[in-house]
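Report on one structure; see the data block that follows.
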């Protein structure tokens, strides 16, 4: 889908369904562009980053783990912007009637998690926090769709997952939260650009403008949760109630923040954790894959996310 | 006339043998085909072939309505039909099919041409075989999923990698069956073709290719299925429409009903492919009086 | 002796025809095979077959070292070899292969039995065909990925769904080729078998199955490849070892070098499968004097 | 010639039981009736030769009698133990010659059984060969050996000697005659060789227009020779039936 | 009989050019030499019949002369335009009969060409049929028609009349003779029928032990009959060559 406007510069943006394009459009931020945007849709972060690395995409939004792995593989990427949202959506879920009461009960239990996802890190961090190691639980690597089936059938004892899946499970009353990611994970999301695009002044300028528009759109989302949830549910096929839940729990709470040292440090921690597990082949400095030129006057990455009040619990 | 001077030495008289067996063997009737199973035979083929799928459908419905198959496990046919109707109603499914169909068509064309060409090269010449066959046998086992990152690097994220994935699947499948078909052509017929003065190309056209046709038909069956299956991977790269995309997205967002609709669509495509190949076979292989079961 | 009373009316004398053509036709020699291409032929087959893969490898190396193929696009053979050596050195690859091999073996066995049984049922009886064939043709197009949740629900997340996926792929592929093979058996030979007093089972064993063997061999080729390919999906279900898992993991973690190692392993498995099937063919199809290229 | 039909034959039928009874047999291909209301009775122990123009339906009739073609109308009664040598050898290409010979025999017959049958048709040295490496005549003999080892009540032979040279042919004819005498089976031999028919058969049939158009007993004493009294007469009669104009003065 | 070899033949060879020259031809299967140092010259315009025991290598020789078998030792010279009728009909099952007849003919011959060739062998009514629906004799005739439309310089016929009834056989023989006379081509006819060989050929060869063991010209006037003077002598000579013991007193 091309967003047509005047101008000779075309920004190739990688997107996911119900992602940047939908937000910008809903917030009316796609008007009066002086460059073109060419949207490409991906199913998840990793293939999007593959496309960034292949210079097929100039910029795209991903979660907090994919850039770490991409950097670990020395992909040609630069993190250019960040947003901070509530980690309430990142949860370790257990069935309603589960005997598990707290994270430390996970010892010896099987936990479903998607390999390399933010939930993967969250699980590791949560376990570490309660004094458990990776060997103390049985990990079942499952993609969300497969994990849901296993979870509903009681084939796994717990499931570490993120929003909107969390909202979906909670909404269907099939599960409850054992632990959220609050205080455990950084709750960051990133805009990742291709260095080649940043090297082109015209494109770099467009990227700057694009980031600002996203920032404004994010504000709009916070103020119009129902309207956004409607758009989002239509885009993705999520039930409206789940979408609204999810918006209030995490999606709408995001604030645009600077890619500052704190953000880099928390990402470095993720990198080191996975490197310790030998899932990343080398130790590296995440800083090398960050471009801070668009930070401007953005607030620090530790800025608290927004909140809709008690609904976000 | 070669025997008249030395007739076989049959010394017994005409009746001798008869006397040795005064009681004849018990006779059994050769039952005409018309008198058995005639009624079943009169049902047209295509109708009889719907029995299996219909039985499956009925089973699904019965298990669903008796609660043996809970809605979590597998939505009931009714639910799926409703979801399907919705998808058709809002144009999602038709437009997805239209887009996917285009990709499949292009991929089939390119892959088909490549596969058949390679099969001809390696089927017809020993040198070609030495160079091509092992290479293809080697490459065809390589999984698509692993190729996607490479394809993105080589071909970008437009239509090219999607079509390339389809073409690849199609090419390998056709190659394998056409090559086997060519190598299964009766050497006596090839000889006859040579003796009739057919040149290399004439041999290919009039002897080798028709002889490889039954194999090619099996290859076509595979190819048609593979082309659609490749979409599931192809349309995970920068797609926002198509049946593969629909499936991926439904998986992404837990739309179990949509997943099942997609599976049903795929099953239907399978039936369609089968019908297409059967029709082609009826047209192209009518010369072949082969075993058709009892 | 049937002609001696009415010889053909050849009224011309013995020499007449000769006089009509005083100049004979230009003669050409029939060149013995030994005198052409003899040296190439003396290279053993398996050696000649390595040419293609080796050329590919050499091309890869040359393109890599001349910089045409940048390391971003595709790691050089050296890099990949090193990554492979690492994976072998730390035991990851060997243990992955060992685990996957077990799954493949079980899946092949179950799927092979199922596929061949179904093919026999629908190949040998019209009733079986009516019930089975359309159903299988329908189901075989259904994409695995969409089935995984169902498999988890039905079979849990242990070894069962992994093996089931492999078995499914194998069964469909064998079914298709064996069924086509059975239907391609010469009806005259089936008749001869009947006339020789073979019962139903005798016909199957001595006529239909051997006749379907060439098709089955192609099916086996597919099956061997499919079994390994199915691992990519099967080992995305709660696996922590295996070649499919390795591949999935590598993709998740952007380990391009590991992906390429996996691809190479798959290519090697393809060559191995080819060698196995070729050996089987040499043993089982030696009766078949077919076209072998020129 | 129609008066010949069942004339002298019916009287003998009372003495010996029937091996084949065919009534009102019709077989059509694409609407064309190749066999059209055919009536035929073969008595057990009787050696019958079947002549007829190429394409007149001889092989079709044999396939029906062998129970292989059921797309028929009419009544066909045949014994359970039948053996056929088809016009084309129809050897299973995936079985070596000796296995082809043993194929379908009850019990677990030894290779030696096949070897001796093959020896008799002069193929002992090729018993381990693949069928596709046989010469035309060798394949035909293998097919004949395969039919003869079966010890049938009805032996159906479709031009079994067509591709054989003079000497081999005589030997093969002797083999068939021996089996016939030993077992007392009914034999139906399709041949294009009138002399062969007259030398071997008790009765000669000529097929035309989908029916048995001519049916004549061969009342010659055995052993028969081409020069036996009555031979020439029968031969010229049959050749006329087959449409061959006879020169006024026959040979010599 | 070895003295016959090339005896009267060589003198004629000076008059007419050669159509086939074979020197020291050897063909082995699995180490067994089926053809073993064979020498043969066929003159253009000459009609040669080839006799021999079943399995003696006649078809193998024909395949070599047709240029189809190159696993040979020795020198083989043949004309470019050759036509073969194989022992088995070898019709392409996927082409209707008339297309089989036209297969490989240069230019774009019309169906009528095939129809008329098929008409000549009495198959006009089956020209649109699939080969597998033909009777044995019909297939053989189709294969013959396919060879005859080719107008070759060397016509190789491998038992082309084996499955034909008396009348059809005579017609087919006439056809071959006509083509031979019109085109003046060399014909090599493999047959098991000594009379047929003597009625048609200028020269009869007998193959044995991998070589041409007997080579005799047929000096009979045409049109020939079985009763012609000299016929019986030649015939009994050939039968002896083929291993058939002759009864002291021949027929009548």
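Per-chain residue numbering starts at 1, and chain names A, B, C, D and E are given in the order in which the chains are listed.
Rule of thumb we're sticking to: a residue touches a chain if its C-beta (ideal position, glycine included) is under 8 Å from a C-beta of that chain, and two chains touch if they have at least 3 such contacts.
Please read all numbers here as calculations on a predicted model, not as lab measurements.
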| item | value |
| --- | --- |
| Fewest touching-chain hops separating subunit B from subunit E | 1 |
| B-D against A-C, pair bridged by the larger set of C-beta contacts | B-D |
| Centroid spacing, where centroids are CA-atom means, of subunit A and subunit D in whole angstrom | 86 |
| Cα-centroid distance, subunit C relative to subunit D, in whole angstrom | 45 |
| Distance between the centres, which are taken as Cα means, of subunit E and subunit D, whole angstrom | 27 |
| Touching two or more other chains - residue numbers and ranges from subunit D | 67, 88, 133, 165-166, 169-170, 192-195, 225-226, 239, 244, 247, 250-251 |
| Interface hub residues of subunit A, defined as touching at least two other chains | 50, 53, 143, 145, 148, 152-153 |
| Junction residues of subunit B, two or more chains touched | 1-6, 72, 148-149, 153, 211, 251, 259, 288-289 |
| Contact pairs between chains, per stated definition | A-B, A-C, B-C, B-D, B-E, C-D, C-E, D-E |
| For the subunit C and subunit E complex, residues of the former touching the latter | 1-14, 16-34 |
| Subunit D to subunit B touching residues, read off their complex | 15-21, 43-47, 64-65, 67, 70-81, 153-154, 165-166, 169-170, 173-174, 176-177, 180-181, 183-185, 193, 195-196, 199-200, 202, 218-219, 221-226 |
| In the complex, subunit B residues that touch subunit A | 72, 148-149, 152-153, 156-157, 236-240, 245, 248-255, 258-259 |
| Complex interface listing, subunit C residues touching subunit B | 1-4, 48-53, 55-56, 72-74, 122-126, 128-135, 137-143, 145-147, 149-150, 153-154, 176-177, 180, 182-187, 190, 200, 208, 211, 214-215, 217-218, 221-222, 225, 228-229, 232, 247-248, 251, 256, 259, 262-263, 266-271, 273-274, 288-294 |
| Residue numbers on subunit E that touch subunit B, as the complex places them | 63, 66-68, 82-84, 86, 88, 90, 92-95, 103-106, 130-133, 146, 150, 192-195, 239, 244-247, 250-251 |
